[in-house]
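To keep things simple, chains are lettered A, B, C and D as they appear, and every chain counts its residues starting from 1.
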Amino acid sequence: MTGKGGLTQQHADRILAGRTVEDAAARLEPDCADLPEIPIGSAKVNRERASRIWDQMGGDPQWREILLDRSADELECYQGNIENAIGVMRMPIGLAGPLRVNGLSAKGDYPIPLATTEAALVASYHRGCRVLTMAGGASAMVLYESIARAPAFAFETASDACRFVVWALAQFDVFREKVAATTSHGKLIDVGSTVEGNHVYLNFEYTTGDASGQNMVTLATQAVCDYILEASPVLPVRHYVESNLSGDKKASARAFSTARGKKVTADARLPAELVEKYLHTTPQAMRDYWQMSAIGGVLSGTIGIQGHFANGLAALYLATGQDVACVAESATGVTRFEVTEEGDLYASVTLPGIMVGTVGGGTGLPTQKACLELMGLYGDGKSRALAEVCAGLLLAGELSIIAALSAGHFSRAHRKLARTRKTDP
Amino acid sequence: MTGKGGLTQQHADRILAGRTVEDAAARLEPDCADLPEIPIGSAKVNRERASRIWDQMGGDPQWREILLDRSADELECYQGNIENAIGVMRMPIGLAGPLRVNGLSAKGDYPIPLATTEAALVASYHRGCRVLTMAGGASAMVLYESIARAPAFAFETASDACRFVVWALAQFDVFREKVAATTSHGKLIDVGSTVEGNHVYLNFEYTTGDASGQNMVTLATQAVCDYILEASPVLPVRHYVESNLSGDKKASARAFSTARGKKVTADARLPAELVEKYLHTTPQAMRDYWQMSAIGGVLSGTIGIQGHFANGLAALYLATGQDVACVAESATGVTRFEVTEEGDLYASVTLPGIMVGTVGGGTGLPTQKACLELMGLYGDGKSRALAEVCAGLLLAGELSIIAALSAGHFSRAHRKLARTRKTDP
Amino acid sequence: MTGKGGLTQQHADRILAGRTVEDAAARLEPDCADLPEIPIGSAKVNRERASRIWDQMGGDPQWREILLDRSADELECYQGNIENAIGVMRMPIGLAGPLRVNGLSAKGDYPIPLATTEAALVASYHRGCRVLTMAGGASAMVLYESIARAPAFAFETASDACRFVVWALAQFDVFREKVAATTSHGKLIDVGSTVEGNHVYLNFEYTTGDASGQNMVTLATQAVCDYILEASPVLPVRHYVESNLSGDKKASARAFSTARGKKVTADARLPAELVEKYLHTTPQAMRDYWQMSAIGGVLSGTIGIQGHFANGLAALYLATGQDVACVAESATGVTRFEVTEEGDLYASVTLPGIMVGTVGGGTGLPTQKACLELMGLYGDGKSRALAEVCAGLLLAGELSIIAALSAGHFSRAHRKLARTRKTDP
Amino acid sequence: MTGKGGLTQQHADRILAGRTVEDAAARLEPDCADLPEIPIGSAKVNRERASRIWDQMGGDPQWREILLDRSADELECYQGNIENAIGVMRMPIGLAGPLRVNGLSAKGDYPIPLATTEAALVASYHRGCRVLTMAGGASAMVLYESIARAPAFAFETASDACRFVVWALAQFDVFREKVAATTSHGKLIDVGSTVEGNHVYLNFEYTTGDASGQNMVTLATQAVCDYILEASPVLPVRHYVESNLSGDKKASARAFSTARGKKVTADARLPAELVEKYLHTTPQAMRDYWQMSAIGGVLSGTIGIQGHFANGLAALYLATGQDVACVAESATGVTRFEVTEEGDLYASVTLPGIMVGTVGGGTGLPTQKACLELMGLYGDGKSRALAEVCAGLLLAGELSIIAALSAGHFSRAHRKLARTRKTDP
């Protein structure tokens, strides 16, 4: 009997999806016939350029109407944030909160705009904000701030690598000066090193004021690399301004040992009666679920243990003009729920890598700036507060989803809220 | 001398950010005075409801004008995709490609709409699409498809857990029937089990047609759980429809062993002259960088090794109405670059968890549907093709960024393209 | 002020360890002068051969006396387990238990021999065995058994890889026959596949009777690879019998999704009065510590969460002739402590990769066989029982260390037990 | 058709191993009948005590003869390294090398004793030592040294945690004094902090002279904790001397960012003709295998990428009296192979956590000390050299196994060397 043989056959069938293997293999071959014309890209953002791209592309004019024509008047404001612009994407914003945050920087009741197309997301975070605020709000603090670039240098031998790293580690003051010449907002605060055989990775940590700062630190690190090439007693065979050690745009275990952007923790204590009234469950039931889900996370090999940080992060990043690709690196951390001696619920979230700015990037665009202004968090001196509000929001989200799962209401909420949609098949 | 003492002091100062420790600690205390009024949430999406929220919230009318008034006419189409709607977020879409994809499902030249506010992103992916297409396109294949829900069951003892798991593993046919009663699109294809002491995690794998399917599998799993509670010879003390083992909304090592959504691989062979002409570097230089960056990723503790999957994924997910929070789970995988015996460049990407649908979710919203239509990928029977195009796009993105980093052009591109922005500080 | 500069300078100084950088770099240079004579290795194990190696090596005869002469009479029994034999290593064995184990295979009270040179290790495990047995013993069950080999095959293109994998997945029955021709103990039970660009990794899962089986599955997989090279419609450019995907000799997240060797869980419920009497702490205090340490583990990026599995595993593996290098892969898993509603302690351990055999390898050597016989676990039909006893032992070890840490006795035990040593500086 | 249902049924059958589910469940129940007598443990190590344990245990006298009687004369020398001693474990030692090491501390040709019962292990490392030495030896350098203890402190609120951490970070000088009062060998070199909600983890990094030092840093940290409890302005609700954040006895991603014990790198350049002559393969073939296996490791979710560090580490740790349980934490790191422009092989290994001492622990026991003396590495001032030799050995092991796998000789070596065994079934 060969049950498994039958199964692996099923797997093969599924790959082929109804084709013969010859047909499948043939489809995968590169094909240089009739290559399409590929337009030269353009950084110029305006209606005329966009129209030209549409003309080249052809296709049904109704999509052009939706994407371009309806938003054509504001297209130019995206200059410098996009290339090859063909129009404007729109998605709805819902409001969660207000959420009370008691932070080192944030202090007050914050309305929280969330951009998403997922049913139940805003409702769930709103519910969490509500109970958290009723309990006196989320305490929140930024624990560390830094953004890294990790240039790398390849040598012939470990002996050369040794000579280089010893020299480089003595250059901290000079490196700071080189950085200072490229930016007034960014400051070099630390230099680390990793020697791997004949390769040397340096890790430069910066603060970047209230900008998210990825580009700022790239330019600063380039300046340091230029100096290294001029001054180092032993020249690298190859070098790169970024070696993928910095954790840029990806979840990494390293973030817990250092930080990516802002490391933030937020916590709250919820009286049992609030849990029952607003969340329809009990502190003990929530803790029981938390524990089982924490181990579920561990068994699946996640970095950190948490429920759905990504949902709130993505929605807040989108609404406020952050780089939403950073959700990949930011959506890690630790959620912890306990029952206190008094029978109340203690809940906390800790995130090692919240990547937010309140100036630069997409923060100055029309709807994005409007959302930041709504929260009172646009401009200089606000990014730490935004990170603390962000942590408070994620705490609210963990409270809400864990309540729903522990009370057995999780599937119900999704059924109810998505049911009103008109566009579904 | 105690340099480190001085440093840890600096760290403490940075946490306090200029406050005394008493002041800092006081700010963090919960505060139940003057609690704000928190509006009841609403799933109804229209101008009137939105206006009511704005009225409650108060604040400068200019933000309402930007967020609500300018898009008020299309607000109702978001019914079922948002709650507490207050308006519409807008971000620009740029076009990359067309990209030639030779896939098991995708076949042809695809224009690729990318929604982002990050300068240089579209330009970089466009450059990659160009060279990839000139080389005959990306070969791409979906290797596996499944979406999981992992309910969990707690018992008194491991003995009870043993009795339960043996019973449950014999119920596969019944579980399939229960699933079939809740959905015609979703099919249960496998059931796995993990016993951890007196806890049992089941892992249900589904296919969900062309929908991304997270809600579909939640409802189906709920139905199975309902059956388990009726029929199991040993009842759990507690149970949950999802235990955090499924990897939903987070990067997990487990995805490589199974899949989340669609597991896809894409590859291409680029003649050296194309690399030189379009990317201004050489196959050897790109491979050298790839190797150093692969180890950089390993040293930082990432899941998989890759460059910037998150950038392209987030931009394509946004443009096409996917759940952008899934970037957290999708942006893992493996990029590999080699030099062939002929001196050409071989490049591949493999992603275990692309989460895309071409029906349902946000795919039917105006601009999102328009983008899918532009690609010819809206509706039934298209989701595998979309996943293959997605993998091809990410291959293009890896080619472009690795070319820039290996040629020393990385910082230059960012400086040039972001410089044209008007909104920067 | 540049505190950090001073620090990185300190780091450089520490690397140099008092040398100049020139001197340091010079020491690292390869040196082909006066190359030593390197004897041809020998698999022959006897006193004469050993003496010859000692003669070549020279050196103080007292070490030869200790290593070789005292054990020369039994040297030949190590034939086939060592090469270039020069003598015999000795380390003490202490006895923990007896430990009561209520397992699917193990059943009874097991004395547990532990080989170690670490003070307090045996005492700590013994204490845990004592309380666990007083509570009625550890329940334990083997959940899955398999040992994998993962050959890999490189092709020119993903198209060829597709053709190959579809073919290979249809060969399960033939693969089984090829395996059966090489071994009567080993059975092929599953074949999985991973396609990564133009590379295909196959994953062969075997059962291997009561042997640990790493060599058996290597030979079996080699036979399958030989068949593949003869019969495959598309030949790989390169192929390897093992590709490092199987997790051999290293901790991997993948083990939780499949298994390495034997996946085992063990649990127990300890009445509060036993905890107080034997462990001098309370269930609540132990759970509190467990939770904090679980998150400590998560923050440090371990695979699974546990205390000190490695201690008990290494000591038991050594005493019973297992491959102690497998501690690297076996010492992962999950420990969980809870307080029951009745106020008692619930405790469990789960290990995805216990690698034990009761025949073959080092199990037949004199002291190793004696230890297995002492436990009643030597020979055919015993390996599952040994794995369950192993899990029970590790549960005892977690109970003991967590008790010590939660009661504040951890440092005391180490101080007291190591203090009696005579050999310390 | 329900292939999978059949399979899950098979899985259930395999758990039951031929029993009914009722029988299986019954076996797992705790059983307090006829509890065995459990002897009080004893730290006294001598023949009389051991005999008493044997008398209590009963059983066949032949095992006592093998374990105790043959080694009874040296039993007392293990006083302080074992409890409940019942005898002595013996395993063979084979010699690899001599290996030439060009290190910052190690310099010369080292014979390397390896204790193992695994056929082919010594032969494989010996082969690697041979080719490495012929190429001029391994360059090796200790990059960082530290051993950590991570006490943890729980507070009521994040506000209290904030007050505590700010205070603690200002106490570095006092902490150093407290440490200095407990040890003259250990020095506190850094203090880090992680705040997770209302929990604070401190991370104390020490140097410990030439001892491995785990106990030393435990006692030192206990002294600091005692001081904290006296002096802190805000008292923790609970505290622990170790919180599982330090990575003790387990593989952790964190080790790459800091170190566990000694961080060491070793490399070499092997002329193509040496590779062909001694390893029967080519630099290109070895690099090709390395790359495929590196990605195999990534896909399986290991920490770092390497072949079989655990084999050499365990064998050397055992022979030289190191704590072999530390293999769990030490056997991670990065192996890298490249082909140089000249067509030679470049190879390196980097390990973040080699845990070795040359004084204390098991290093002074008879055979262990003899092995260290054989290498010239016993006593003060030798531990950095031992770590460098260790890295060189592992480089040799990676060369040998990768050569075997790339040349297709892997299964052959195992077949040949294990075949001479007499004890196999």
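Throughout what follows, a contact is a pair of C-beta atoms (placed from the backbone, for glycine too) under 8 Å apart; a residue touches a chain by one contact, two chains touch by 3 or more.
Bear in mind the structure is a predicted one, so any value in this text is a computation, not a measurement.
Student: Counting one step for each move to a touching chain, how far apart are chain B and chain D?
Tutor: 1
Student: Going by the touch criterion at the top, tell me which pair is linked by more C-beta contacts: A-C or A-B.
Tutor: More C-beta contacts join the chains of A-B.
Student: Taking each chain's centre as its mean C-alpha position, how far apart are chain A and chain C in Å?
Tutor: 38
Student: How many Å are there between the centre of chain A and the centre of chain B, using C-alpha atoms for each centre?
Tutor: 10
Student: Send over the residues of chain D in touch with two or more other chains.
Tutor: Only 4, 11, 15-16, 24, 28-29, 104, 139-141, 143, 157-159, 162, 194, 196, 199, 253-254, 256, 269, 294-295, 299-301, 303, 305, 334, 336 qualify.
Student: Over in the complex, which chain B residues touch chain C? Could you list them?
Tutor: The contact residues of chain B facing chain C are 3-4, 6-7, 10, 104, 139-141, 143, 157-159, 162, 194-199, 253-254, 256-258, 265-267, 269, 301, 334, 336, 346, 348-350.
Student: Sort out for me which residues of chain C touch chain A in the complex.
Tutor: Going through chain C, the ones touching chain A are 2, 4-5, 8-9, 11-12, 15-16, 21, 24-26, 28-29, 157-160, 162-163, 165-167, 169-170, 172-173, 176, 189-191, 193, 253, 256, 291, 294-295, 298-301, 303-305, 334, 336, 338.
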